[in-house]
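In the two complexes that follow, chain A is the common piece, with chain B as its partner first and chain C second.
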Partner chain A sequence: MSKVGIIGYGITPFTKKDQKIESVLLDSARQLFRNNSQINREDVDAVLVSTNNNSKYLSPILSEMTGIQPKISHSVESLCNSGTNSIVSAYSYIASGLANMVLVTGAERYDSPGQILQWDNSRGEFKHPIFWASIFTKSYKREFSISDEQLAIVSVKNHKQAKENPNALSNKTYTVDDVMNSKKLTEDLRLLDCSRPCTGSASIIMASEEKAKQLTDEPIWITGIGQKTTSAGFTKNTSFSTMESTKLASQTALEMSKKNSKDIDVAEIHDAFSVCEPMALESMGFTAEGKGTDMVNELHSTNNFKINPRGGLIGTGHPLGATGIAQTIEIVQQLQSNAGKRQVDDPNVGLVHNMSAAATSSTVLVLEK
Partner chain B sequence: MSKVGIIGYGITPFTKKDQKIESVLLDSARQLFRNNSQINREDVDAVLVSTNNNSKYLSPILSEMTGIQPKISHSVESLCNSGTNSIVSAYSYIASGLANMVLVTGAERYDSPGQILQWDNSRGEFKHPIFWASIFTKSYKREFSISDEQLAIVSVKNHKQAKENPNALSNKTYTVDDVMNSKKLTEDLRLLDCSRPCTGSASIIMASEEKAKQLTDEPIWITGIGQKTTSAGFTKNTSFSTMESTKLASQTALEMSKKNSKDIDVAEIHDAFSVCEPMALESMGFTAEGKGTDMVNELHSTNNFKINPRGGLIGTGHPLGATGIAQTIEIVQQLQSNAGKRQVDDPNVGLVHNMSAAATSSTVLVLEK
Partner chain C sequence: MNFESKLTKGEFCIPECIKCKKIVWPPSEFCNSCFGDVVLKEGPFMGKILEFSSQNQQNFCLVEFENTIRIMAKILKKPKLGQAVKISKCGISDGSYFFEVI
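Up next, the complex of A and B:
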């Protein structure tokens, strides 16, 4: 199978702006082409749009606005991991030989309809994700004797890291006390434990090995892909304190890339809520079960940006369809030693973890120089 | 590259039923598994949903309802050719080795939000497709001196053929006079010249060569794929009397399958409106420019079901996200000599043409025994 590389990217600031979805999409795609003038629009075979927005035909619209006449064009939706689903689709188009170069653009507005999963009756009256996040938090705290303060460190660390990310929604730092004193949304969840929906867009361009080597000196290769959907309904999860789909997706991705979690130098983790970061770290084997908050605390106290260097979803904001692509861009920047004050020391292997709907589905990607 | 085959299908009647989208989706998938008990749900690696419905996370929902825990799951949207976009995605997942077996389910409700493209300002006050269809019809008639009566034969033929399709929305036959006397919607378009949105669902299961040969005696192979998006806005079309995206997509598909249009024994053509059938036939090289209605008339008068055997969109109805998949199922049935009274004489090579938004994008597939 031909190797597939990421050869360019564009990203917008994440904001609370009220902006038409077409224009949000265009912003990061235009920046991508501005940053990569060596890429000829005529060579782009496919344009995939990742979004939960209800507007239709967005990929042909983006194509027309950017001056591309692709073969393949459509939108991809899978709630919060739409972005990495699009990247995997782009990968398969290239690896199968149907395309040589694919533009993947994710975009969302702050008022995305993807925040609420109407279908999931197991959420009772509470359709909003804070419902499952509260149950995850309660369950995780009980099972591993973890305190609210220990979980608050996830938010403190990720806000601190987001401050070094010029595109992040947040540019404030907080203490554990600040998190503990922020508005209590449920018994187990405070406002600063939550990522916030926002307006933003992220684009990458992917290419076959031949095209990638022609067009850039430092392509980043996608060497591992893992995906798993265990259910759609939240209560079908086998556990509320581990992430089964994440565990299975990471096993597949690491196996494909012939790596294990110890080889990962930098990772983007889907911290939709504080509890998600330690749970995901444990489910992917970065640390033992119940030890995720210890790992987070250790990283925070040594000022090590290894996990969620751009500030995670909590610090950066969460424009659903753009998130997986923005996470991937961060790992590309890290592997290219181009991450400014967020730069991790000389990383060779990076990982992206992107999930949906109470971890009922997950994508894990392994990226290498 | 590994060959990719279609190994099973399920389809619902196309109706005007008011039914939840999740239940519409489930109907054809359930029928697929009922018809193909040799297929183990545990072996299904990916579930793709094709729809314009605004509900989110439909692929994990369908997966949970059918008892599948796939790796890959998401929705695909590209207005009226969402179905074939999903099929091409499934193809690439299998050909790239990321999946061995993929379920592709398309579904729509009669009130699909995909009928109107709000973004396209070039449609003026008339967002509904009858606007572009009227301009296509006027332009085609003027350029090739074609009469309304000649175009009406498309509707007469396709309604006649739909009568042999137990799943079709229409079960009536009409004369040229009936079409001419049906409600005049615009100067150039009558009610019976139009396909009608409806509720319906269609599912296929695709597999790698090895799996396909294991699981069925008569897989149908996808040997040619062509796709092209020329624009999103209707007035960017270079012509209103030929279909540029269809022409380019068919060239790619025929080249990939090492066939030419003379080799095609049976074809499903995207006749959203009467004028689309002759235009598409000409753009794909089935006949010369301006001669499409002669070909339609010849087929009709000899009772030859070669083009749109199931009754086309005009006779069968047009549940947007399901249409491309339903077209593909018809060709599979034809190639397996399993099309009942619609059966074309011993076909070896079939073609599917599925397009969106005034032919601003097209997919063409070539299928073989």
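Up next, the complex of A and C:
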């Protein structure tokens, strides 16, 4: 299979702006082409749009607004991991030879319909994500004797890191006490434990090996892809203190890239809620089961930005369809040593973890210089 | 009668495949294992609390029936892990199912 690389990106600040989805989409795509004038739009042969927005025909609309007449154009929706799903689709188009260059743009509005999965009636009247997150949190705390204060460090760390990210929704720092004293949403979840919906957009352009080498001196290669969907309904999860789909997706991705979790220098983790970060770190083998909060605490106290350098979903905000693409852009910037004050020491291998609906579906990507 | 029309009347039934006897959950017209037709087993059924939390003094829990079906339900008294419960109230409101257990 031929190599597939990321050769450019564009991203908007994540805000609470009330803006039409079409114009949100266009913002990051325009920035991408402005910053990469070597890319000829006539050579873009697929345009994929990642969003949960209900507007129709968004990929042809984005194509028209950016002056592209692609061979392939369509939307990709898979709730919160729509972004990485669209990257995997773009990869497949390029690897199969159906396309040489693909624009992938993710966008969402703060009022996205993707926040609640109406179909999942096994959740009864408890359909809002805070309820599955409360069950995960309670179960994780019980299983591994973890305190609310230990979990609060995830939020403290990620807000601190988001402060160095000019595109993040939050630019405040918080203490463990601030998190503990923030509004109690349920017995097990506080406001500052949660990522927040917002408006934002992120675009990348992917290309075949030949095209990538022609167009940039520093392509970032996607060397590993793993995806797994175990169910759609939250209550079908086999465990509420580990993430089965994440575990399987990461094994596939690491195997494809011939790496193991020890080789990963920097990673973006889908911390939709505080508890998700230690759970995901454990499920992907970054640390032993039940030791995720120790790892988070160690990283925080040594000011090591290795996990969620851009501030995670908690600090950056979570515009669903844009999130997986924004995570990928962060790893690209890190591997290109272009991440400013968030820069991790000389990373060679990065990982993106993006998931949907209580970890019923996960995508893991491995990226290399 | 299908699962939802029973539920609307406040009856919680368990859908089971006629052919392979597998419990079909979430409720569907066909078995997701053999695509056989589904019949409804009538309760009451005893369930077991797998996990719980609360919001504004209102307890909610994750309950498992027949080692297969799981739902999120309201419970008035403070729940206990592993507690045996049965459905006391259920139905459909604004397109969403709701369950209460005791």
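Here is the rule we use: the second predicted complex is superposed on the first by the 369 of 369 C-alpha atoms of A that agree within 3 Å, B and C clash if a C-alpha of one lies under 4 Å from a C-alpha of the other, contacts with A are read in each partner's own complex, and residues count from 1 in each chain.
The working rule: a residue touches a chain if its C-beta (ideal position, glycine included) is under 8 Å from a C-beta of that chain, and two chains touch if they have at least 3 such contacts.
Just so you know, these numbers come straight off a predicted model, no measurement behind them.
When the shared chain is aligned, no partner comes close enough to touch A:289: not chain B, not chain C. In the superposition on chain A, contact is made by A:236 with both chain B and chain C. Contacts of A:118 after superposition: both chain B and chain C are touched.
Contacts of A:209 after superposition: neither chain B nor chain C is touched. In the superposition on chain A, A:178 makes contact with neither chain B nor chain C. Of the two partners, chain B and chain C, it is B that touches more residues of chain A.
Legend: residue contacts after superposition of the two complexes on their common chain; A:252 is shown touching chain B, with no touch to chain C. Using the contact criterion defined above for the overlaid structures, shared-chain residue A:134 touches chain C, although it does not reach chain B.
Of the two partner chains placed around the shared chain by superposition, neither chain B nor chain C is touched by A:143. After overlaying the two complexes on the shared chain, residue contacts for A:263 are found with neither chain B nor chain C. When both complexes are aligned on chain A by C-alpha atoms, chain A residues 118, 233, 236 touch chain B in the first and chain C in the second. The touching residues of chain B, counted against chain A in their complex, run 1, 22, 47, 52, 54-57, 59-61, 63-64, 69-79, 82, 85, 88-89, 91-93, 95-98, 113-114, 117-119, 225-233, 236, 249, 252, 356-357, 360-361. The residues of chain A lying in touch with chain C in their complex are 118, 120-127, 131, 134-135, 137-139, 142, 185-189, 233-236, 240.
Chain contact summary for the complex, chain C toward chain A: residues 25-26, 50-55, 60, 62, 69-74, 81, 93, 95-99.
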